[in-house]
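What follows is a set of structures to go through.
Each of the two complexes below includes subunit A, the first together with subunit B, the second together with subunit C.
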Partner chain A sequence: MTWALVLGMIWTVTSRVSSTQPQAQPGAVAKEGFSAPDFTLDLLGGGKVTLSDLRGKVVLVNFWTSWCPPCRLEMPAIEKTYRSYKELGFVVIGLNLTAQDSERAVAEFVKEIGVTFPIALDRDNEVGNLYRNTALPTSFFIDRNGVIRSVIVGGPMSEALIQSKVEELLREGE
Partner chain B sequence: MFPYLRLGPFLLQMPLLALVIGFWIGATFIEREAARLGLNKEKINNLIGYGLVGGILGARLVYAAQYASVYLANPLGLFSLSTSTFSPVGGFVIGIAAAALYGYRQKLPLRQTLDALTPGLSFFMIAIGASHLLSGNAYGAPSRVPWAMYLWSDYRHPSQLYEIFLALVIFTVVLPKMIPANAPGARFVQFVALIAVARVFLEAFRGDSILWLDGYRAAQVMGLVVLIGCMVLLRQWERTGQHESILK
Partner chain C sequence: MKIELLYIDDCPSWETGLQNLKSAMIQEGLIADIDLVKVHDDVEATRFKFLGSPSFLVNGSDLWQETRETFALSCRIYATPNGIKGFPTVNMLREKLHSLVEQPS
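Up next is the complex of A and B:
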């Protein structure tokens, strides 16, 4: 076993990452630990949103449709969290997969729930494909540096889950 | 990579399924080994159960404790089915504590019990590798080796396959040869040492290592510490004549 220890020590030293060479060079991929792929989309009610413009803030990108029951169920919790933490630098983008939905149904649902955060319209499913969206709802928690830190596939997310993830990322900026 | 399987309105998490299957098969190996070592099978099963339940509860409670104000305001969040609100370290520590407490109270012999757990734990390591392969986690460093696989926008070492391969080697080749009947507990310690060696070797191919000062990979340093701990323990047992030399 001694030889294993000696070899292990040599291997640990030789395989260490030099300070000039980052251990991982994350490109933009929809995966924890990587930079969030950038996008620009039209907003419901007018205007546009670009993800990279939100750098410096904690962002929740929530993929949803108005016909998806768990999406509808978790929306009030997202709204409540948004209202509680927006002054601290928290932003939500409700990313509607409009290619699978209708703008009228989206507008009605947003009004019904009283959603105040921006609703982005992915009319061509471009962002859905970019984020390899396979299930609804799916939520990406993005830190102030634009790195995806947590991905929640499926729902509905509990209020505690959303708030704990947001608090964790907000604390990092303190 | 095959993280989810849609079954109507349900989304089956394949990595979690791999772990559950690994746990179930591992438990049967433990039961068989417990019988072979003359231990009470029922008590060993209970020990696993206490460890599992303690681990799940501990993982959730430790996570909730980190965000106490959130969970005090929304206590129902404690019952969420989401695995993303678990503290893995908290679950590990409390799970082991719960199992240890049960074993102590039931007067289960520590070393023999650990030996009985070894084949099951070894099989579970294969399941962990499979879980990583299905989720795409524990991914490899970018590489241009001919067997590199395309994952997360780059060609990478198939670190998950390396992990499964080494776990299989330990389970099928090495483990059956480690039966020092006169040295209770040695089999378990040797298994832990082997896992530590495997971690030190495999971590070099990972693309998501946590780095410590000067670019050392945390898992490799921890692996070496565990290996040294195992060697010290085995040496001590050898010196006190508790078993024949197994360090050579």
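Up next is the complex of A and C:
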């Protein structure tokens, strides 16, 4: 009985050891009004991005794949908005579900469109799982405090829609 | 039993989804027509409460229901035993269909 209790305590402690994989953080749920779950991913072309490092900026996390037509259609509008507002503190993470894509196709599409914002590679769908992503494209608008303020499932989003959401969140920090 | 497959032309996975649905129905001994419903725009997506392409509906209910407030054109992804895919596996569809057959409404 005592041994069972001790083993149970050991299991409880060891199961709490954190790993390097993205996982649900306490209080972090990928829904409007909740803190955006944190993640670190490799970037296309090298380097890494960590969402929490962008605290203080307005962030659009856009889940996409190169074979998803609505994703492709909205990418130029996202790029245009990014170029217009990046100096004001707007950041885009193009979060490619690389588990369902190929890095070659991603690179070709990014070059074709002339995307200049960082493209993060979710090779094992870890962040897709973390954000409970079930459709493409899906966009999370995150405010300067790291809170998800708006989730758009499907697309393509119009440039006007993206701009209005970004402007609203940027104004809050003024 | 009314079975529908909602899709948009451009998402490439719906045809595999249809084949898997047909296989699942055969293996479950279900005989029914499959209505292919093409979703053209956000208005239709809203009308159909479209959760992405492909979506599988039985008697008007999505086999993988989700709570969503707005609807638009999108490509759906499914968590399969082999990772995320653009369609559910035959076994995933069989399980859903089997549970519906066992518990007729």
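By definition in this document, the second predicted complex is superposed on the first by the 148 of 174 C-alpha atoms of A that agree within 3 Å, B and C clash if a C-alpha of one lies under 4 Å from a C-alpha of the other, contacts with A are read in each partner's own complex, and residues count from 1 in each chain.
In this text, a contact is a pair of C-beta atoms (placed from the backbone, for glycine too) under 8 Å apart; a residue touches a chain by one contact, two chains touch by 3 or more.
Bear in mind the structure is a predicted one, so any value in this text is a computation, not a measurement.
J.: According to the contact criterion defined above, which of subunit B and subunit C contacts more residues of subunit A?
T.: In the superposed model, B touches more residues of subunit A.
J.: Is A:125 touching the first partner subunit B, the second partner subunit C, both, or neither of them?
T.: second
J.: With the two complexes superposed on chain A, say which partner A:67 touches: subunit B (first), subunit C (second), both, or neither.
T.: second
J.: Give one of first, second, both or neither to describe whether A:99 is in contact with subunit B, with subunit C, with both, or with none.
T.: A:99 sits against subunit C, while subunit B stays out of touch.
J.: After superposition on the shared chain, which partner residues are touched by A:150: those of subunit B (first), subunit C (second), both, or neither?
T.: first
J.: Let me test your reading of the model: by the given contact rule, A:135 touches which partner, first (subunit B), second (subunit C), both or neither?
T.: The answer is both, since A:135 touches subunit B and subunit C.
J.: Looking at A:160, would you say it contacts subunit B, subunit C, both, or neither? Reply first, second, both or neither.
T.: First partner only.
J.: Under the contact rule defined above, give the subunit A residues that sit at the interface with subunit B and also at the interface with subunit C.
T.: On subunit A, the residues that contact subunit B in one structure and subunit C in the other are 134-135, 152-154.
J.: Using the touch definition up top, name the residues of subunit B that touch subunit A in the complex.
T.: Residues in contact with subunit A: 3-4, 6, 11, 13, 63-64, 66-67, 70-71, 73-74, 76-78, 80, 82, 84-85, 136, 141-142, 152-154, 193, 197, 200-201, 203-204, 207-209, 211, 214-217, 220-221, 223-224, 227-228, 230-231, 234, 247.
J.: Provide the residue numbers of subunit C that touch subunit A in the complex, in ascending order.
T.: Subunit C residues touching subunit A: 8, 10-12, 42, 45, 51-52, 64, 66, 68, 70-79, 83-86.
J.: Can you name the residues of subunit A that touch subunit C in the complex?
T.: 65, 67-71, 97, 99-100, 125, 128-129, 133-138, 152-156
J.: Flag every residue of subunit A that touches subunit B in the complex, lowest number first.
T.: It comes out as residues 1-2, 4-5, 8-9, 11-12, 15-19, 23-25, 27-29, 31, 33-34, 134-135, 150, 152-154, 157-161, 163-165, 167-168.
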